[in-house]
Structure formats: structure tokens, C-alpha cells
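Sending over a structure as C-alpha cells; questions will come in a sec.
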């Protein structure tokens, strides 16, 4: 309806065996926003992402993307429609180099079709040059230059996360879903990343939907923030408002660490 | 009544015999897969090898003039199992361990096990020739015919001695294995390693020991399966190689890595094979009395011709996998 | 760095290693040629070329796509049946009988059945769900099966009793090869649609099942394939030795010339296919396929149509298997469904690919030639080794090994097994492993 | 004498070395925290200690013995324990079986150790018969730590124990670590939640390019502006 | 100086179980020849073995090695029909080499465009099946169940039997195929039982599926009468089986598996510990001995002329030669006398396409022994 909402999740549910991971959950993401999604471990955040991005088909309810009901769409169809996601547990292409991991991302590469590969090599080649240049830029930005020829499977945990993030920079997407990209990433580098996310949001008008346990990052980037618990949305609002909610603080934030 | 007896003889007993064989083979396959993460193609030939070991031992016994109440091939089974376990350990040390050390992929291990299969087959034929042999050359096979006339049947239920032994042995082994895996420290370590080998190593579990135990169990189980099969049918060099595909099917239908899955899968495949070609007319014949004239049952009401027997097992397999992509018990995968 | 280390480094470079191994293979083949004569060597080469085609097909599926296809034997049989149908001489007694008409009716029944199943599946659109949907579909399958059987069984019986089997079309065998590829593609498409969702080992056993089903069908559809009775002689696309002899060529030369002709055709086909495949794999297409192989979930989320692409690979690979299977049947001039065994026609191809180096076409080429040559040479080799062994045991006073001639031959598989395990032990990733593309 | 001492450790995965001379020393009373940029070699350092990769140079002394290149099944009985970052529980085994696996190398009666672990993590006692795969992220982390403690280690190594945990669990985990430390177990851990971790660390190590860049107490490192800017995100 | 005969043998693969006996029988014939003065001018006759694996694809290289590398004068084999056909088409026919198959029973072998090069001394399936049907009908059996091994041998034999049996007024209650090498044949037996048959006709191999079926059928206890073809015959049939349960079993086999020829061979095989009753052992011996005679007759170790000579030494008229009578035959040939080899597997008279007609004997198991009942009339 309102073209204001780029993602509109309506009453989706997902059960795994006896466990209800997402329970009749509705939430939406405004176009152009950086929306945060927080909640305790096992709240169903990643499961929700999986349903939005087409990796899991919901048991019930629907997902509207950009005004179209995309429930049951395949991930690659959603990618083509402009949705891009990262994975909480890095899903790198482990037997390909870091550089190739990025080069493979852009859609519509003519060389990916046999007909072009055989009969129109020129077309493939010129596009290939562009893609490589872009990938090299991203690699440098992520400070992975020295490992660009290393197999992605051999990268460190954090480097894989960076690669995961790098993919989002390889294409122009309407919406980017980030699932805990900060976990395991060095804080100094994270500052640069956050700045880049803000820039992409501002200058390229990307919409971001961010799952994160790093409250500093959420506070810095996101407005609004949605809180999930036990498969349901329990609150939504600016970070300050969320922090002011004692129930959420108790259940989610706990109390600060006392130095022994 | 005769119809029921026929059903028992032809479906229940036959399916159980075949199911026991498949299950015994599939447990070994599934254990090796769970812990070493590769499809051990040579398992069938390890079964055959075990049977030949028992055959040699039985021959020795006969030569020494030892007479046993049970079939000699069965009596020597414990010794044969020990020997088979050592052979399995040797095969691992010679062929799989070096590959494992170099981090070979599962498919490489699979292909290596094909190499091992070929070698075992060659050696068995070199030593024993390619003809058929029988454990019952010197003693007759006991056949029990349970008279059913008391219940109004004209035919007996018939079952042979090795079949009875097979049921007993299968049941005992399954229980023993269950207790071992759930109660003993080493059994739990085996499950832990099947679950997460890296973490098992980090926990200080002696992974080499676990691997050895796996081979010992798999090798001796293969020996039991081979001997039981040979007692029931006959002993030949391609004894188990011919049924290695259904055995794998059983392990997979059950869900790789699950001992109980292997048992369920074994019986499922066996009964599928048996029932698919079962001629239903045999049990439905009494209906001929009720059915109107001209609507007599056709002479053959089997689902498919016997040429397609194995096909049915595989159709069941494919359909099961389409419904449950990692088998009935949610198996592991490489 | 010691000299030994430098040497291993040098050999570890895929290019040098590949060249060295191909040179070694060349010498092996040349040695075979010297010892066996050029006619035999050419025969071995033709068959090896056929196997190379098939192995390339598997490499596309496994090496590029990570698809655990164990249905190779099925596709080879399909190719063989196809070339039989296309190139075997026309069987007039079939075409002049009622057979074609009966078959037409069976085809109609098949189409009706297919329509029925299709319709049943559409009930989902009408809102039918769960148990009842399942019931309707199963029922439709059952009725379709009965309808089809009711037509095909009498047709088959009629054809078998009047004409034997349908015979062929008498066309050029090369057309038959292409038809073999096409038919394999069609079957692969359906097989792939059904089963590609399964994970590795589960896919493997499912495809084994499918290939056994294909074998059972082809072996028992006597009206179409003559079943266990086998069909021969299949014509060659190039002149047979007999034809050359009729033109005055001597017997020995006729073998060499005829086989050279066939070899030229086969190698030409192999070169074209090899080039075409390499070209696609070297570019973005190959990169995409490797990405899907490495992590299909991520690839899907990166916009790659995983199922579609896997199906593409599966079909493409199967085409090569169909062509290769057809070529081998043409060459040996006989289609004998009983001759197909999983160990020789599925697992052996796997051995070729894995020993050669999956993912690397050159490696697979090497592997298939090597394994095939070893397999053929294992016959005399096993006899040489074990007959001598028997003589030795005799001299040692242990007596000869009984039935030594046959038992020595049984050791062929042993020789092959030793070669496989040794090769893997020293090159677990294959003789010429896949090259990691480091660039920029 | 230090509980564990790394001197100029060099090692890698077969190619170029990843560690180019790492030095660190931990007492039994210490909580040591390793921080640094991604790919610096932090995880590699822990793996090197635990014998999971080849050490080609330097020494690793534990309890006075050089343990470089010893395998885990010899290190665990010596008192070393390791919690990897991911996949650190046996998902198909019950909680109790997970703990038993931690005690695999022990021949003595380990029931009191198990009680001690249950005391420390009361939730686990409740879920002792449940497969570990059904637990939430935080609970799994506790199982993992409990498993590692079952061998009664003198040194517990943890790789990013707080990664992916919600803030509440981060606090819980850190508190647990402190508690464990008070029971007399030396701690060496890698953390990207660096500020929080360094806050209670008695030893801090900043690693970059496989070498030590800074070493000090946790408080010293936090206070160092250079460290804060380059490694702790300002 | 050596004269080579190629053995195109399916030593590996599906018939590995009985191929060795056939190879040994062939080698026995060669030994007999060499022991009695050798071939031609005292040259040694040698065999060259090649494995055709019962697969057309594998038979190609094997046959070619014999024809083009080893330069054999003639070929004994192949055993499986597929191997024979592939070997003939690929190498033997273009190479002008005579082949004598001891076991390929498929009709397709007769249809080869073979320049009169491909022979077989095994009776085609059709005759044996028809004779067996006539025998059973004449004994008053009108209802039978049949199971056959699903290959060219089994299906050909069963097909001929069923056609003849039905044509003669009998009823085939069940006709069930079986595959060799299975662990369990009870379902197949069950199908026959279910149809109500008490006579079971088994067309398979004793040392493969056929034997297993026989065992399990005995265990089932619902058959009163067994019938088998030549694949079931042999001493092994009674070994390890309770003879009482086989009492009355009928076996058919090409004549003369008795009489002077068979006795002559039996004496030869017993001397070296072989079994003359093994599957196709007689045919194999005959084939090799005939080839040797033909080479001797043609007068040179040349491929040309072997085919014509083969007919002359095999077919009547002529002085009778029994298995093993090499020196006698050699003298007669040298003297220019026409000879006629009487095979242990039967009277070998090659017809136009190189087949033998052959009469069929039958045997009955009586009191724990196989009793020859002579020709089926």
C-alpha cells in the first residue's frame, strides 16, 4: 500500500519441530531508513531475516517487498528485485579467493550465460573488467588487500564477516539486510564501516535493516529500532525510548559489568 | 489360514531375513559415515571377506574333527569377528589413514574405498576362486517346519536354523550396540566425534582411538552380516558386493549416521522389495468365493514383475528422500 | 632450499605437472602401441576417447557443480539405446505390421496419463491441501500407470511376437550420437527436477536408484531394445575394415585405417567439446558455478538461480554422457543391455575423474585416458604377474595356484585397485588438481 | 614462574607464517585478553598453543615444559582447555554428555567437578538431559565453557566467548569468566568486545600482523590513546 | 615354434562363477594335443587368454588383442553372447579369424554376417526348451511354474520352453525372471508358489541364482518336482544338498553327456581333478579340440582355410575321433583320411550358419545320484 514501506512483514510464523521461532510477527521497514532489530538470543531475528530474504518459506503470513507480495519467492528472485542480505554465520565461497568472492556477486553478468560465453566474448570481457575494478576497490576499503588472493575459507573469522559485508558494496541494492555484521569485527574498522553504511544510506539512498547486539552501533546508526522476543515484536521506537523501557532493559541489556 | 501362513512364510520371514542382513550391513556403513564422514563402498566386500574368514575357520574345525551342535560357521563366528576386525584396522591403516592425514575430501575417500573393493575382490578370487561354496557341505541345514494343522492350516510355517540364529544375533547386536553407544565412555566419544570431530579433538578425546574402535565395530559387524548371509544362501566371492547398493540405500533412507535409522532403513527396503513382487492373489484367493462370476482374481496380482524388484526398492528410496531429504532420522551429510 | 624441495615446487606447478604427466601418459600409450601393435592401440584410443567424453560430462556435474551423480550408467545406456534406434537398419516387418499403430495408441495412453497427473497436481490451485491432495495425486499416478500399462503391454507382446523389436531408422550414426545426447538431456532434465534438491550423499544414492530403474527398463523393454538379446551389428559412421578390405586394402592395414578414421571423428568431437567447455568455465560462468558449488545458500542470496544452474550443469554433463555412451556402442557395434554394470560404467568414471583431478578438465582427460589404458593393460599385466607367481609358488614347493589362468585374470581388478589407491595416496586431490584462480 | 609463557612463537598453516614472534606470559591468577585487528593472528595464537597448527619457531612453556606441537589429547590432561569460537558444543549429545566429554581424559571420579559446574551454571543443571542443540546461544556458550572446565584445567582459553551474544549474556559470560578465574583457573581469551574485556583483564596483549604491539594490564591498554584509537575504536 | 589359439573368456563379470572351469577345459584340450605330438610339424599349441568381462565394450579390446597383437590362428570364445558378437564384429570377422563359442546361445549369434567364421558347439536355447516341454508333457505334467535368469540364456530357454509347453496343451502358471547375485529369492519363489505350481522349472545357473533358488525352494517345501536345464546340471548340484529333497529332479542337457565320447572326456578330466559335468565344460573342451583339429587339417598356422577345415573335421562322414584322441586324428589327417570328431557335448555337425543341431538327453536324480535316461524322443 503505502509505498513508504519497502519491507512489510505481515503475521509471519515459523515453526521448527515443536519450537515456534517466529510467532505471528508483523513489522515493517521504511524506505530510506536504517532500521535496527534487536532482541535476546533465540528471539527469532535471523529466522525473520531468512523469511524476508526467501531462504525459508514462512508457515503462515506474507512478506511484501516494495509493494509486491514476495512470500515464497526464491532468494535469487529477491536479489534481482533489489534485496541483498548478509549471513550471521559467514557464508563465504570457501574455495574461491577473496577477490573472486566479490566478483561473483554482481547480477546480470553477461558472461554467466553460456550463449554469451561462447558467442559474444567481447561483451563478457568488458563487463568483467568493470567488475574486477569494483571488487578491488571494495577489497581495499575493507583492508583485505593483502589477502585478496587467499582462499576465503582460510580467512579469519572477522575477515569472513568483512567479506560478507563487502558483498553489499558490490551491487546497487534497494534494501540491505545485515545480520550481525559487527560480531567479531575489530572496533576501529567497525567505525569506518558504520560511516560507510551511513554514507550509502545518505548518498545512494540504500535502506538498511540491521540485526545487531552491539548497542553502540545500533545507537549510532539506527532509527527506529525494533525489539523482538520469543518470536514476536514487542517494541519499536528510537533507541533512547527503548533504553528507557525497564522491561526490555531487564530482559535484554542486563546490568553493566562490575570490574572485579 | 493357508493364505496367512503363506503370507508369513513369503513376506514376514523372508522380509525379516533380508531386512536383518541389510540392517547389519547398513549399521556398519552408517557408523563409518557418521564418524569418518565418507561412504565406505568396500563394506560389502568386508562382509564377504568376513564370511570367507569364517569359512576357513569352519574348514579347520572340520579338519580337526570338531563337531558342534550349531552350524560350525556360526560357532567360529566370534573368532572370525576378531580376525575381521584386525583386517578392517589394517585396511584403514594402509589405505584410509594416510588419506585422512592429508585432509582428503570425502569423495576421495569414497573412490579409495572403491580401490579397496577391487583389491579385496581380486584377492578373494585369487585365493578361493570364483565358484560358489557352502557352509553346509559337511552337515545338513536344519529346517524347522512348524505344523499349523492345529489352527486349520495345511502347510507348515518353515524357517531354517540359520534364519533363527540370524534373528537372534541381529537383535542381540542391536541391543549391545545401543548400550555401548549410550552408556560407555567410548561409545559416547564415538557419538561426540560423529557430531563434531574438531571439538572432540579439542576436548582431548583420543580421536585415533575412536577411529580404531569404529573400524573394529564395523569390521566385526560386517563379518557377522557376511557369515549370516552366507549361512542363509551360499558363499561366493560376490556375495555381498551385489547387495551393497541396497545396503547403502538402507543406510541413507534411515538417515546417515544413525544406527537405528540403518535398522529401520534395512527393514523398509527389504519389505519394499518383498512386498512389491508379492502376488496378492495368494492371500486374496478366498475372495474368489465371494466375488461374482466372471470377476475372479487374475492369477498374478503383483505390483510389478520380478525383473523390477530392485527398482521398487529404489523407487521407495527416491520417494522417501523427496519427502525427507536426509532420511527418516535426519541424517548427517558431508 | 634444498634441491629436492625445489623439484617438488616445480612439479607442483599445475602446468609443468600436467605436461610431465601427459608426456608420461604418451609414453605409456606408445609402449602399449609397441607391445600390442598399432591396430590394438588405436582401438584402445578410440574407446578411451569415448570414456574421456563421459568423464568430462561427470566433471561438469561434479567438478563444476558438486553434483553427486551416480546415474552415469543409466545415461550411457540411454545413449546406447538412442544410437541403436537411429542407426540400426530399418526393420520392415515391424513397420509393415500393426506395431506402429499399437505404439501410437500406447503413446496416446501415455499422454492421457500424463495429462491426468498434471491435472491432479493442479488441484492444489483449487485449494486442495495435505492428505487429500496427496491422495488425489497418488490416485492419478495409479490410474495413469494402469491406463498406460493396458496399452503398452499388448503392444509390446505383439511386437515381440511378430517383429522381434522395432529396429532402427537406418540413419547416420553421428545423428544417433547427437540423439543420444538429446535423449540423455531430456531424461536428465526430469531426473534433475526431481532429485537435485537432495544433498550430496543422498543425491548419490537417489541417482544410483534412478540408474538402476533406467537399466531395468531398458533391459526389459524387449520390444524397443531387444533386451537381453542384444542388437548388432551397429554401423560405423566411417568405413569398416571389411569395407576397406573390399577395396583391396590388406587385412592388417584395414584395421589401422578404419580405426584411424573413427578415431579422427571421435577426437574431433572431443576437441570441440573440450574447447567449448573450457572456454565457458574459464569465465564468469565457471566462477558462478564454483560459487554455487561452494555455498549454494549464499549463491542464491547473491542472485544466482541455484536450481536452474544446477539443472543446467546436470543436463549439460548428461549430454556428454549420452554422446559418449552412444559413441562406444557404435564403435563396439553391439548394444547389450546386460553388459552394463555400475562398477564398470559408473564407479569407474568416478575413479577417472577423481584420480585425474576433479574440476580440472585437463586432469580429467588425463585420468580417463590413464585409467582406461591401465584397465585394458591390466589384462595381460595381471596374467604376467600372477602366472609367474604361480610358477614361483610351484618352485617353492607350495604347488601351483589352482585355475591360475582365470584367477590371474580375476586379479585385473586388483591391479586397478592398486593403481587407484596409489594414485590417490600420492595425489589426494587428483593428478592435476583444480587450479585456484588467483588474479589481479 | 608463569603458568604459560610464549617466547617468539612463529607458526602458520603451511604457507607463509602467520605468527611472527608472539610473546606472552600468564599467571594462574591472571585473566589475559588478546585484542587486535581482524586477521592479526589472535585465533591462530590460541590454536598454536593448543597444538592445532605447526609451530616452527620459539617456545611455548606450560608448567615449565615446552609444549609446542603437542596434541590436544596430551595437553588436556596437563591442564589446558580450549573453547573454540563456533561449533563449540556437541549438538546431538545431552548437556550432561557434553560435560562428560570434557572429562574424557580423566580417569578419576569427576562427579564433584560436574557438581561444581552445575553450581556455577544452575540453568545447565535444569537442562542436563536436553540435547545441547536445543539451547539458546548463551546457554550453549555456558555448556561449552562447562565442558572445558570438566578437565579441571589450570588454564582456560576462550576464542571470542561473547561474540553474537546479546548484551545481557555478554555480561553474564564475563561475570562467569571472572568467577572461574577466582576458583583458580588462569584465563587467556581473545575478544573483539575489547573495551569491556580489557576492563577486567589483568593482562592485555595487542596483536597485529602476528606480533605483539602492546602489552600491559587491561587498564593500561585502555588508557593508552594510541591503542584506543587504532585498536579499540577510539 | 608356437601356434596360438586365443581364449576370449568372460572370466570377470557376471559369469565369473563358471568361466574358470571352461578355461581349464580348453587348456586341457591343448595339453592333450601337446602331449600327443603337438600340432602341425610338432609345434606347440598355446592358449592366449583375454578377458571380455561379459560386456561388449570390454570384449572389443580383448578380442582385438588376440587378433591383432597376439596374432592367434583361431579363437575359442566368447562365452557371453554379447562378448562373442562384439569380438566377432570388431576384430575376428575383419581379421578373418574363426571363432568357436562354447556357450553363446543367443539367436543373434546366428545372424552375424560372419563370412562363415563364427561357430558354436552349444545347442541353441530353442531346441533344449522345446525338448524339455515335450518331455514334461509326455510324463503327464500339465502345470508348471518357471523361473529363469534374466539374460540371453535364461530368457531364450524359458521362452522356447513356455511356447512349446503351452502349444502342447500345458499351462504355465507363472513365468518369473530372476537376476543373478541377489541375497534372497523367496519373493520370486513365492510368486510361483502363489500361482499354485508344484513343479518348478529353473533355467538359471547352479552356482549363481539358480542354485540359490533351488535351495530356497527346497526350504519352502511346497514343490514336489524340480526341472532344470544344462545350467543347473553338474556334480555340484548334489554337493551340499540333501539328495532326498531333490529326488526325481529332471535335468536336460545336450547329448551326449554319456556314451563313449563323454566317458573319454570324463577320464581325461578326472585325471587332472576337473569336473566334466561343470557348466559348459564339455562344450569348451570340444571347441578347442575341434579348433586344433581344424588347424591340423588346414595344414598351416594360417587363418585362411581354418573355417572350411573345421567343417570337415567336425561333420560326418569320416573316421570317428573321440576327445583326447589327438595322435590318432593326426595320423589320419596326415594320411588324408576324413575324420569326424564326436564331441563330449554331443554330436557336432555344424550347419550353414555354424550352429549345431544336437539332440537332448535327460537325467533324473534317483537315490542320490544322477541317472542318465538317454535321449528325449
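A few remarks follow.
Just so it is clear, A, B, C, D and E label the chains in written order, and each chain counts residues from 1 on its own.
Operating definition for what follows: contacts are C-beta pairs under 8 Å (C-beta built on N, C-alpha and C of every residue); 3 or more make two chains touch, one makes a residue touch a chain.
What you see is a predicted model; the values in this text were computed from it and never measured.
Here the chain-to-chain distance from chain C to chain D, counted in touching steps, is 2.
The chain with its CA mean position farthest from that of chain C is D. Centre-to-centre, using mean CA coordinates, chain A is 49 Å away from chain B. Centroids built from CA atoms put chain E at 35 Å from chain B. Between chain B and chain D, the centres computed from C-alpha atoms are 46 Å apart. The distance from the centre of chain C to the centre of chain E, with each centre set as the mean of the Cα atoms, comes to 33 Å. Multi-chain contact residues of chain B, defined as those touching 2 or more other chains: 125, 129-130, 305, 307, 310. Residues of chain E in contact with two or more other chains: 16, 19-21, 150, 177. For chain A, residues touching at least two other chains: there are none.
The full set of touching chain pairs reads A-C, A-D, B-C, B-D, B-E, C-E. Every residue of chain B that touches chain D in the complex is listed here, in rising order: 185, 188-189, 191-192, 194-196, 198-207. On chain C, the positions that touch chain B within their shared complex are 62, 68, 194-195, 197-202, 204-206, 208-210, 212-213, 216, 219-220, 342, 347, 350-351, 354-355, 358, 386, 401-403, 406-408, 410-421, 424-425, 428-429. Chain contact summary for the complex, chain B toward chain C: residues 33, 39, 41, 95, 98-99, 102-108, 110-112, 114-119, 121-123, 125-126, 129-130, 245, 248-249, 252, 256, 305, 307-308, 310-311, 313-315, 317-318, 321-322, 325-327, 331, 333-334. Chain C contributes residues 276, 279-280, 283-285, 287-288, 290-291, 293-295, 297-307, 312, 436-440 to its touches with chain A in the complex. Only residues 53-55, 74-76, 79-80, 84-85, 87, 91-97, 99-101, 103-105, 107, 109-114, 117-118, 121, 124, 127-128, 132, 136, 148-149, 151, 167 of chain A touch chain C when the two sit together in their complex.
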